[in-house]
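So, here's a batch of structures to check.
There are two complexes below, and they share chain A, which is joined by chain B in the first and by chain C in the second.
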Partner chain A sequence: MTDFLNLILEPLQEVFAKFRTFMPNLLAMLVILSMGILAARVLRAVLVRFLMAIKFDSWSDRMGVTTLLRKGDLWAKPSLALGAIFFWSLIILVLMTGLSALKVHAIDQLVEQFFLYLPRVFSAVLILIIGYVFAGFVSRAVLIAAVNSGYHYAKLLAEALRLLLTILILAMVLEQLQVAPGIVLAAFSIVFGGIVIALAISFGVAGIDAAKRMIERETAEKHAKDTKDDIEHL
Partner chain B sequence: MSDFYQTGIITTLHKLGTPSLERLEAEIREFSKKRPVALVLPALYSEFEGPAMQGIVRKLAKVNYLKEIVLVLDKASEKDFHRVREFMSPIATEVKIVHNDGKRITEIYETLARNGLDVGQRGKGRSAWLAYGYVLARGQSDVIALHDCDIVNYSRELLARLCYPVANPNLNYVFCKGFYSRVTNKMYGRVTRLLVTPLIRSMQQLIGQHGFLMFLDSFRYPLSGEFCMVTDLARVNRIPWDWGLEVGSLAEVYRNFSPRRVCQVDIAETYEHKHQPLSADDAGKGLMKMTIDICKSIFRTLASEGVVFSEGLFKSLSVSYLRTAEDAIMKYEADAAINGLEFDRHSEAQAVEAFTRAISQASQVFMENPMGTPLIPNWNRVTSAIPGILEMLKKAADEDNK
Partner chain C sequence: MKTVAFRKDVQEQLERIQQADIVVGIPSFNNARTIGHVVRAIQAGIAKYFPDRKCVLVNSDGGSVDDTLEIVRRTSIEDYASIHLHHRVEPMFKIATPYSGIPGKGSAFRTIFEVAEALDAKVCVVVDSDLRSITPEWIELLVKPVLEDGYDYAAPLYHRHKYDGTITNSIVYPLTRALYGKRVRQPIGGDFGFSGKLAKFYLTKDVWQTDVARFGIDIWMTTTAIANRYKVTQSFLGAKIHDAKDPSADLSAMLYQVVGATFELMETYDDIWKPVRGSEPVTTFGFEYTVGLEQVNVNTGRMLNIFREGLKNLSKIWTDILGAGDFGEVERLGALQDRNFRFPPGLWTRVIYDYAITFHKKKLPKEHLIKSLTPLYLGRTASFIMEVEQMGQEEVEGEIEKLCTEFEYNKEYLVTSWK
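Take a look at the complex of A and B:
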């Protein structure tokens, strides 16, 4: 009978012992989470106040950041949006730190992977920001140049260029984030390569006559120049 | 039946004979292929509860030359907004409703405010200005027509005649103002009859012939709310947000374009819409508020044209105005008598007395602060301050209409 009771009690004691070991970790996680959430809220409030003090919203309006948010149907103030992004980034960090306090092997591995992935996220965000500004700049420059040259489809050209650059940048971002890199690379190569080949063929075929005229005109000009020289010598 | 006399320095397009509406609409339809026309309707939700809007929607459902209709809805909740969408659904032309109290449009106003662009208080001026911005952002129309939403006797002819002079590329007008008489069994339009015209003529007596005064005096109904213009004008014109909207808009047209490219057109035999109370004892509402705003607008425009105002001039103006307005009452009494209209001479005289007080108050305000102008910045300036604002506005309205 004692053996039978031991059979039941031993696992229970083992579970209780494990729970007793685990309890401080769980408490530590809860403390980290609650303190972290509080700290994140305070830091968000400080950041938003700071951004408002330096007139970040007006700067964003002028620089086109607000337009970008609105295009994505986000209607919060840029400072509040940035505050929210900052807050949720902190919450993720706090959550990861809290989970690591549990000292569970599987979770530790997950946390490690997360922190190893962070640099990729940062560089992807950087590529996205720089890429967006660059695409806007190039598109604007092409629009101005094309309008000044009297090109009828200036806006279309500028928008097409912006679209191509956006595809390129998004492909770079996905590649950096290691989101199905093989598929992204293949899809990008096919789409971009296809567009470039289509442009090359259309330009080549449509431009045969123009190229012929240019060559003929150049030859004729050279010929006329040579003839002119001859007459002057005479 | 109208005469064919040309008034002042702008062109007057009369209604002669019985012009065919079908011909007018067919021609505008042809013109609109090259010059697409947008109709702007500044409306309050309360106007959808009255009888006028039903008639307007019924008539607009039969109009087939408009490229787009932009309705700026003010003082409406989210539910009201959806009701109005349903209300406008019989119209085949693309109708876009800009919800002035919506979350997205409110954010647009906040964006403007934090960049130091004062768009004033809510009202017809601000609504019209926002609608122009939306038309510019869509970039689909070359001509903008605007009329009020409280016209009880609305007709397709009114809209067609309003649009025709600017839509017709051979006429080459940039701005066209509608005129009509406001008569039922008696004459209405007190502010035009007893204030604006006598005031302009008294000022001409005191300061001599002035281009702007001649321009204003050329309009048969300078306070009519119906007009049509080229889209470029919506880009360069500043719009007053107070009751000086009509006079202030005319001042901007005068400033930016030659009077030879401005016309007025007879759009209706008679015109019936809501009437404002005089509120003679309260300068903050009714016709008194309107009168003060109009006078301030005229004084400020003239001052910006180089006219020097002094206390003496304002004193003489009050006296001169009173005499001219009293003469006008006599003329209108005779006009009413021959046409068998009711005419309350006493209430007309009371209105003139109230307007005289309003002129004195306006002159006082002007002398204290001649710079205080309630003009909303033009869209060129706004886009210069916030380059993406038109895109934002388009997105806001388009998302609301989804």
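Take a look at the complex of A and C:
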């Protein structure tokens, strides 16, 4: 009978002992989570106030960041949006720290992997932001220069350039995130190569008439330009 | 303020000369064809009107690969009697040196200012190296107001073909006049006389890494003189005829440098120009006469094509800058036939003010902003050319006067929007 009771009690004692060892970890996690959430809220409020003080919203309007947010159907003020991104980044960080406090082997491995992946996420976000601004800048510069030269297909040229740059940037981002790098590289090569071949075919075969019209128009324009213009602007 | 380091030979020349009354500067870059004439005109002008003054001619060169520097060194008037000079003539010192810094007219001027400062010159004159119409009297007219009449800055006043100088006539002159209240007709003329005191003042400014070092130097000199309350005048010099211009010169790059420098100056001196209303004439020296000018061929069709391309492709940028109302008016112009195309002065004034405000608010990168003005500018220029086609010089000046009045009348809009 005693043996039978021991058979039942021993696992219970083991569970209780494990629970006793686990309890402080659980408590530590709860404390980390609650303190972390509180700290994240305070830091978000401080950041938003700071951004408002330095007129971040006006700067975002000028730099086109607000327009970008609107395009993504995000209607919050840029300062609030940045505050929210910062808050949720902190929450993820706090969550991971809290989970690691549990000292469970499987969770520890997950957390480790997460932290090892973070630098890639940051550099991918950085590439995306810089790439977006760069593509917009180059495309606008090309548009203005082409218009000022009297080129008829200025917008088409600028938009094509923006598209190519966007594809290039997205490929770089995915490669950085290591999302199926082989497929990304293959897809990028196919899309890029496809565009070049499509252009060659459309100009060379399918669009003979269009190409002819374009060349004739450019030639006519060139003749118009050749008409002597001696005006001194300065 | 960091100064230009002179080459050893220039330093030695400056030590030998020690002091000068007048420094005449010529910025140059591959001007072997014309610079000889300019040097001779300067020598004759100095010999004729300032024979007892110690003068130095400075050629500040941008690395010419033709014989520009050599021509400056060896050019001299052999026979002074041919220009009716029989009195004793002080020898003229010459310094021909390459300048350092960003390639451009402004950097060349900086070296000339440095020489004027090193020699403690009373008067400094700068003239372009590609001038074909310069005469000895230009030197008298640019030096005397400063040397004898107490002025600090003498701007040029030329007779130019009615189609020439359109950036001056449609943007720089009306805008500068409305902003600072002084009617300096050629604020970016290129040939100026100024006091040694003003040359020293220019050198205290840290602008030599900006567009001022390029085409922006002329408007910068004029505006700095006016805004800092230096005594400004203008001298009638007759016709301004250049060597054939460089066909590869990019209009939008020129526009960017000149208009960019003008807008930058608006930032610097906004507390000066904001309270100014109306304008007053400045004293004019020289005897005005009518001059025959060379025929200027224009191609308004091409200008209007670029305007319409701009309308088609830059509508988003223009709407952001001009607002829906004025953009709507510009859009209506695009639908007009070439022969009926007219860009109203009131609308043009608001376009320039809106560009200045957008520049101030930094809504777009500067270069993109100002270069996007090119099609609008060409539209306005084509309209002006067609309007004045049958007009004489005086009537054309009347049209420019009307535009200036519009700029002055609409200034309140600029002031209230400038926050």
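Just so we're on the same page, the second predicted complex is superposed on the first by the 199 of 234 C-alpha atoms of A that agree within 3 Å, B and C clash if a C-alpha of one lies under 4 Å from a C-alpha of the other, contacts with A are read in each partner's own complex, and residues count from 1 in each chain.
Convention: contacts are C-beta pairs under 8 Å (C-beta built on N, C-alpha and C of every residue); 3 or more make two chains touch, one makes a residue touch a chain.
None of the values given here were measured: they were computed from a predicted structure.
S.K.: Going by the contact rule set out at the top, does A:159 touch chain B (first), chain C (second), both, or neither?
M.R.: A:159 contacts neither chain B nor chain C.
S.K.: Now for A:140: first (chain B), second (chain C), both, or neither, which partner does it touch?
M.R.: Second partner only, chain C.
S.K.: Go through the superposed model and pick first if A:175 touches only chain B, second if only chain C, both, or neither.
M.R.: neither
S.K.: Touch check for A:151: first (chain B), second (chain C), both, or neither?
M.R.: second
S.K.: Going by the contact rule stated at the top, is it chain B or chain C that touches a larger number of residues on chain A?
M.R.: When the residues of chain A touched by each partner are counted, C comes out ahead.
S.K.: Figure out whether A:62 sits in contact with chain B (first) or chain C (second), or with both, or with neither.
M.R.: The answer is both, since A:62 touches chain B and chain C.
S.K.: Give me the intersection of chain A's contacts with chain B and its contacts with chain C, in residue numbers.
M.R.: The answer is residues 61-62 of chain A.
S.K.: For chain B, which residues are in contact with chain A within the complex?
M.R.: 103-104, 107, 110-111, 114-115, 385-389, 391-392, 395-396, 399
S.K.: Looking at the complex, which residues from chain A come into contact with chain B?
M.R.: 55, 57-58, 61-62, 64, 66-67, 70-71, 73, 75, 77
S.K.: So in the complex, which bits of chain C are touching chain A?
M.R.: Listed in rising order, the residues are 160, 163-168, 188, 190, 215, 242, 245, 251-252, 254-255, 258, 295-299, 301-302, 305-306, 309-310, 312-314, 317, 361-365, 367-368, 371-372, 374-375, 381.
S.K.: Spell out the part of chain A that touches chain C in their complex, as residue ranges.
M.R.: Residue list for chain A touching chain C: 61-62, 137, 140-141, 143-148, 150-152, 154-155, 158, 221, 224-225, 227-234.
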